[in-house]
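In what comes next, subunit A is part of two complexes: it sits with subunit B in the first one and with subunit C in the second one.
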Partner chain A sequence: MNNKITCECGHVNPEGTELCEACGKPLTPQQPGQDNKNESLLNMRYDGSARRSQTYNRTVIDKIWNFFSSVKVGVWLIVITLTASMLGTIFPQEMYIPPGVNPSVHYEDQYGLAGQIYYQLGLHNLYSSWWYMILIALIGISIVIASIDRFVPLHRTLKNQKPKRHERFMRKQRLFGKSPSADTELLKQQLKKRRFNVREEDGHILAEKGRFARWGPYVNHIGLIIFLLGALLRFVPFMYTDDFVWVREGETKVIPSTEGQYYIKNEDFILETYDEDDPRYKEALQQQGGQVPKNYQTNAVIYERKDDATVGTDPELEVLKETHSKVNQPIKFDGYSLYQASFQQNEFSSMTFNLHDTGNEDNVHGTFTIDLSDPQSEYELEDGYRVVINEYFPEYELEDGAPVSKSKYPKNPAFVFEVHPPGDAEPEVSFAGIGRNIDPTNENDYKLGIEDFEMRDVSGLTVKKDHTLPFLGLGGAIFMIGVMQGMYWNHRRIWIHPKDNEVWVAGHTNKNWYGLKKDMERAFNDTGLSVPEDQQEIKAASEKPRAKEDEHGVKHNQQ
Partner chain B sequence: MQKKKRRLIFRTVLLTIMAGLVTYALFANFTNDDPVVAEGEQAPNFQLTEFGTDESKELKDFEGKGVMLNFWATYCEPCKDEMPHMEKLYEEYEDKGVEIVAVNLDSTNLVVKRFLEKYDISFPILHDKNGQVMDLYKVGNIPSSLFINAEGEVVKRVDRQLTLDKLEGYLKQIQPDA
Partner chain C sequence: MELSTISSNLLYAAFFIYLAAILFFGATVKDKNSGKASKAGKIGITLTVIGFLSQVGYFFTRWVASAHAPVSNLFEYTTFFGMMLVLAFIVIYSIYRLNILGLFTLPVAVLIIAYASMFPREISPLVPSLQTHWLYIHVTTAALGQAILAVSFAAGLLFLIRQIDQSQKSKHTFWLEFVMYIVFSTLGFIIVSSAFSGFGYQVAFQAPIEGEMTAIEYEMPAIAGPHDGELTSSGKMAPWFDAPVWMRGVDAAQKFNTLIWSLLSGLVLYGAVRLILRKRIAASIQPWLKKANPDIIDEVSYRAVTIGFPIFTLGALIFAMIWAQQAWDRFWGWDPKEVWALITWLFYAAFLHLRLSRGWHGTNSAWLAVGGFAIIMFNLIAVNLVISGLHSYA
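This part shows the complex of A and B:
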């Protein structure tokens, strides 16, 4: 069983070849997509090489292979993916809705029925859905297989091409003409001068340049594949981390996703705004109507854990660096980057109370300061007065009539105090917090007043590690090289074919026919050859009704 | 013929590699959000100071016993609600070889101290002040309870409040064989 096709020139072509690899003779009586009228031009797509997918279709593997090899399938996959991607932008994705809200309610609340449908179809998490990922994967597979299936035979054909071409190949080229005679020596010289690569066989000449432009699309696809693989590497924890840490001023905290190896201490969080008195900014700031931030900065110390003890024990830390993080100027260490991403300025660090007589604020029995990150249970004042903290609510709130704390962060600190006067007198209970001071009995002799408080800032930092960037960069660079290779260079070929008392000339290029004609004009100067006419244009001009088909033909020829 | 066979092998290998990559990507994507310490996994060891003492306890210390690991905080109402259940069953199950270990996530000692004065808790409370163990066990919402058998394997993980019945059922599951 051998389906190879032997051309009359003697070259053996693989099954499915449309134009003989060596001499270019049309091997099939009728090419797909073209009518078989004598005057029609050759379909030069992939130089008439046999795309293997279209000829071998025997096993399941071949069938799968052929499915992915089809450009039509590839285009449809892209169309479907683009449509899906657009759907994902109709409403915000889940990660962009306000934190803490229930998505099942949020979408319906905000966008009505459409929102509910959107949520139920899972479009609120579209880009990480399994089917979207499969679509991307299918495009990737399609790119690989379609490229292999076209690159290999095209490469083979261009390698095997001979200067001596079949007459029918010559006649059916878009640029084809006849001249009575030619000065071939001068012609060759001038072609070489125009940087053509000239080969000769029995007086037949093939001048070729820019063949490498034909590899542009394949180089481009290699870049795309590297890019996709880089994106895939993001699933490997070693390659990619994206985490977040809140760290309070003065606090030392383990940096998440570093396996407990690194710690950060927030020395100071700085928020600077533009000076409203500066004449440069005055006008703009007035228009803006408020303060405009100039700088967000966290001064931090990064520590590395030196011991290898069990999690939970106090770590033995060594200073790695003392530095700061500003927006777009991350702290960098060991492949990790800490980006300034957020802040809170609503936490208290300490509160100072004074104890005075209920009716007379000037009669003070002492002051005490509570460190809110480590409040004591009891504070001794002057003259034997004592204050006991009965209860502490870092983030006070009333829930069903009872005081509770919503979190462990002192965002709204409140206390139940027990005031012990000197001697054995009964203690008094009072409740004090920011903006509230309650005497439950209304008979208290003493009152606790807030004298002062200090706030602390909380800085939010994004923890990033991304070793996939070099892959994305490399993929992107190769992609662009491929694009340039295919866009800025053209594969131009000129064939010279001596025939009886004439010299035939044909030319082909994958794009920029004007440039090829210019090349011919200059190279043919004084050689007796005339620049061939563009058969496509002639036909278009003479056969108006067929113009449409010809347009189609142009597309094919430009492949 | 030889050539065709080679082509078939080439195509099969390439398709297999690509299918493998796709499967890996999908798999990695969907296991990403899962808690690190899931049911069926070994519970990672840690060491924390027991509240009100200077003693530190390691999870390893309880080897051979069933351990209920409970993450809680004073600002978490459902946590406080399930504490009495745990207290109620503690004595009985301690005799049966099950230890209850509560890991507290508050940042100040005072609030925990006041809480313990109010509730009469007899099982050990460990203080995870910096949230290191919480991070290790990837605890998000509290209360969160892990039931670990005598072999150190997580049998059950519950990330919500437990009823008395459910609690007892899970404690039975991790009871070492007598």
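This part shows the complex of A and C:
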């Protein structure tokens, strides 16, 4: 299976090699009818090394390998993904529509037919759809295979290269020229000064710099793969926690998803807005009209549970930290983060009623306070009066004439009370809430009046634990290193080839030809060498291309 | 003088200095030798640097005046983007010394700055999610990355105008004229907006928004009124037609109307210029660009992408994720602005890979540079104004 190719220079190349790894001689036969002059420039991508994908195409595995290692396929995958991503932004994704609404009606309602189609195609949940994920996975596979396909042979070739190059290799470089003679000592000195690594063999010189830039793409691809794998780790349960907790001011609550180990007490929720008379922002605040929030903050105490959490016993809590959570400043402890995500203001915490005679507010028979998060069923007053709570509506509302509670949160508390006077007299029923006090029979002797109430805020905090972040960070960092390595440095090579009474010069870079020419200009100064001509030039619109070139008048020869 | 006044004066100064620099770069096309010693070119770049310094002055005085880096609303961000574009040009100029590049990059920067100033310019306070140094770090790096990529566009456009065969009609000539038309529409938007706001034009409507009658104000005559809207100011032009139903937001119809004004005024300007020139716009510019070396321009366009891509990745994706993780408890949320940053990034990744293969140098590569810039502008303008999300500044 391994048909090695031995070059005339003696180097043994693997099957599929296009340019001898050592001397660069083109190993594929010259096209008939092509003399040296018209032969196009050498394809220097991957230095003509033997890539698996270009060499084998027999088995199914070969075919799959070849498919994914093609840059063309990679680009198609990227283009398809970016086009799909665009579609997902036409209308909001499901997670951004108002909470509680039914998406199957919302999209049609809001955006008409287009919205309905959008919903039915599943574009409202595009980025978590199976096919979007498959696209990303295919890109990942493609990156891995394409990189392996090129990395190994490219590495081999760059390691084996010799300063002495074949004539055809020299002549078919994009930068190639001849000079009558050269002061090689000065040349070497000047090349070294320009930080070239200079090697010599029988008077042939290879000056090379920035070879490590060639590994940039491979490094950045590794970074991408680590990032993608890190994102995949989210699906491993203990790597990632996402929960939410509402805590009322004054309340201590177990933090969900911490296995009962941590508790939080909300000391105070603070909402600040910008002062509308602040001279700095006055104009803008007037323009925007309304209040602009300045700070959302929860002052909290985090407790750790110290006893072994047996059901039923009161937890033994120890203060872990007293701190606050603001937007952009989450509370952090033991790998968990609590983010200030939401709030509700002005929930009632307690209400104080007094019982007095109907028609005489001064004749009070007692006062009692209801803790709204924990109302008792009965309150004993002075002189044997009792009040029983018959019904409690934390968030009272009339629905079809019947009183109901919209939620279990005391945002608009109302009660049906039974008032028991001393002795065996029949109890009276009355209804009391904020701004209403109803006597259903109109014959009550007693009335319940609201004397006082207390309000409190509620903080909504997201609880997150994300052990995937270090992987994502690592992937991102490696990507950046690789991409800079490949973009901000270039692999530049200059070959000097003595030939009869002349000196031949060729140059190649994977990027930034302008920079290579500048290097040559400076290094060749006073050495008798002239900077070679660029054999690839784009023709102006008005000029007709001379040689047969591709449609845009460019002869190709990158990398 | 108050600091905020000094600040805006410095911005005005920068604007006019850039305009002057364009004139000098324009004069270089007549130089005999495209060479380096051009006097006009020297003045051009000097003015550019002075204008840039003046704008840097604007930036820092505004920073002091507002107590936060001025990159927090559409005006500030877009202006900053213009400033970074000038910086990117200065950097690329210092490598390649191409005067002609100034003639293409600076007008883009000037248009962008003028466009920016059509938005509310008051110093505004920061809402809690913006109160972090990651705001500065993320926004400035992202803007710098986009600006360098925009230089690639300027070079690409220069390449296309220089290279496209104008002797016959083709897809290339059509799309090149389309790009010209968009440039004129931007100019049209700026002219029309400044004119009507100069006159203090206002017209009010009542229209149902989410089922409630809401007052809506336009600052340009209404060509498209709000859907089912009722004109409430007297003596003002009635709308010619209503905006489509699905434009529901309070500002949707008004933005649509502005878009119509921009496109119409662009049409008028483009039409007028073409009538005068009696040629395609690109065809009229082409002769001036003869001296420009297409190889170098192609390389500049590509080089700008190679310089800008890593910076864009760092600013618009990596720093953005760090900030999002802090502010919204998730580093990525598929918010439209984020998605469009990803699209931009994927697009330039495709560009870089295509550039490795045959056939994607020269003209094709230049078209890609134009496409990339279109995506960046879409993210800046359409996503902010139309597809709003968390990031929406306006």
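Criterion: the second predicted complex is superposed on the first by the 493 of 559 C-alpha atoms of A that agree within 3 Å, B and C clash if a C-alpha of one lies under 4 Å from a C-alpha of the other, contacts with A are read in each partner's own complex, and residues count from 1 in each chain.
In the analysis below, a contact is a pair of C-beta atoms (placed from the backbone, for glycine too) under 8 Å apart; a residue touches a chain by one contact, two chains touch by 3 or more.
Note that the structure is predicted; figures quoted are calculated from it, not measured.
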| item | value |
| --- | --- |
| Subunit B versus subunit C as contact partner of A:65, first or second or both or neither | first |
| Touching partner for A:391 - first (subunit B), second (subunit C), both, neither | first |
| Subunit B versus subunit C as contact partner of A:522, first or second or both or neither | neither |
| Subunit B versus subunit C as contact partner of A:321, first or second or both or neither | neither |
| Touched subunit A residues, subunit B compared with subunit C | C |
| Partner chain in contact with A:306 - subunit B first, subunit C second, else both or neither | neither |
| Partner chain(s) touched by A:408 [first = subunit B, second = subunit C, both, neither] | first |
| Subunit B versus subunit C as contact partner of A:192, first or second or both or neither | neither |
| Interface residues, subunit A side, partner subunit B - complex | 52, 56, 59, 61-62, 64-65, 128, 130, 133-134, 137, 140-141, 144-145, 148, 229, 232, 235-236, 253-254, 256, 260, 309-313, 372-377, 389-392, 394-395, 399, 404-409 |
| Residues of subunit C defined as touching subunit A within the complex | 65-67, 95-96, 120, 122-125, 127-129, 131-132, 134, 162-166, 245-246, 248, 286, 290, 294-296, 298-299, 302-303, 306-307, 309-310, 313-314, 318, 321, 325-329, 331, 333-336, 339-340, 342-343, 346-347, 349-350, 353-359, 361-364, 383, 387, 389 |
| Touching residues (chain side subunit B, partner subunit A) in the complex | 4, 7-8, 11-12, 14-15, 18, 21-22, 24-26, 28-30, 32, 44-48, 56, 58, 73-75, 77, 105-111, 113-114, 126, 128, 130-133, 135-136 |
| Touching residues on subunit A, where the partner in the complex is subunit C | 45, 71-72, 74-75, 78-79, 81-82, 85-86, 88-90, 92-93, 95-96, 110-112, 114-115, 127, 274, 278, 280-281, 283-285, 287-288, 292-296, 326-330, 337, 339, 341, 462, 464, 469, 472, 476, 479-480, 483-484, 487-488, 511-514, 534, 536-542, 550-554, 556, 558-559 |
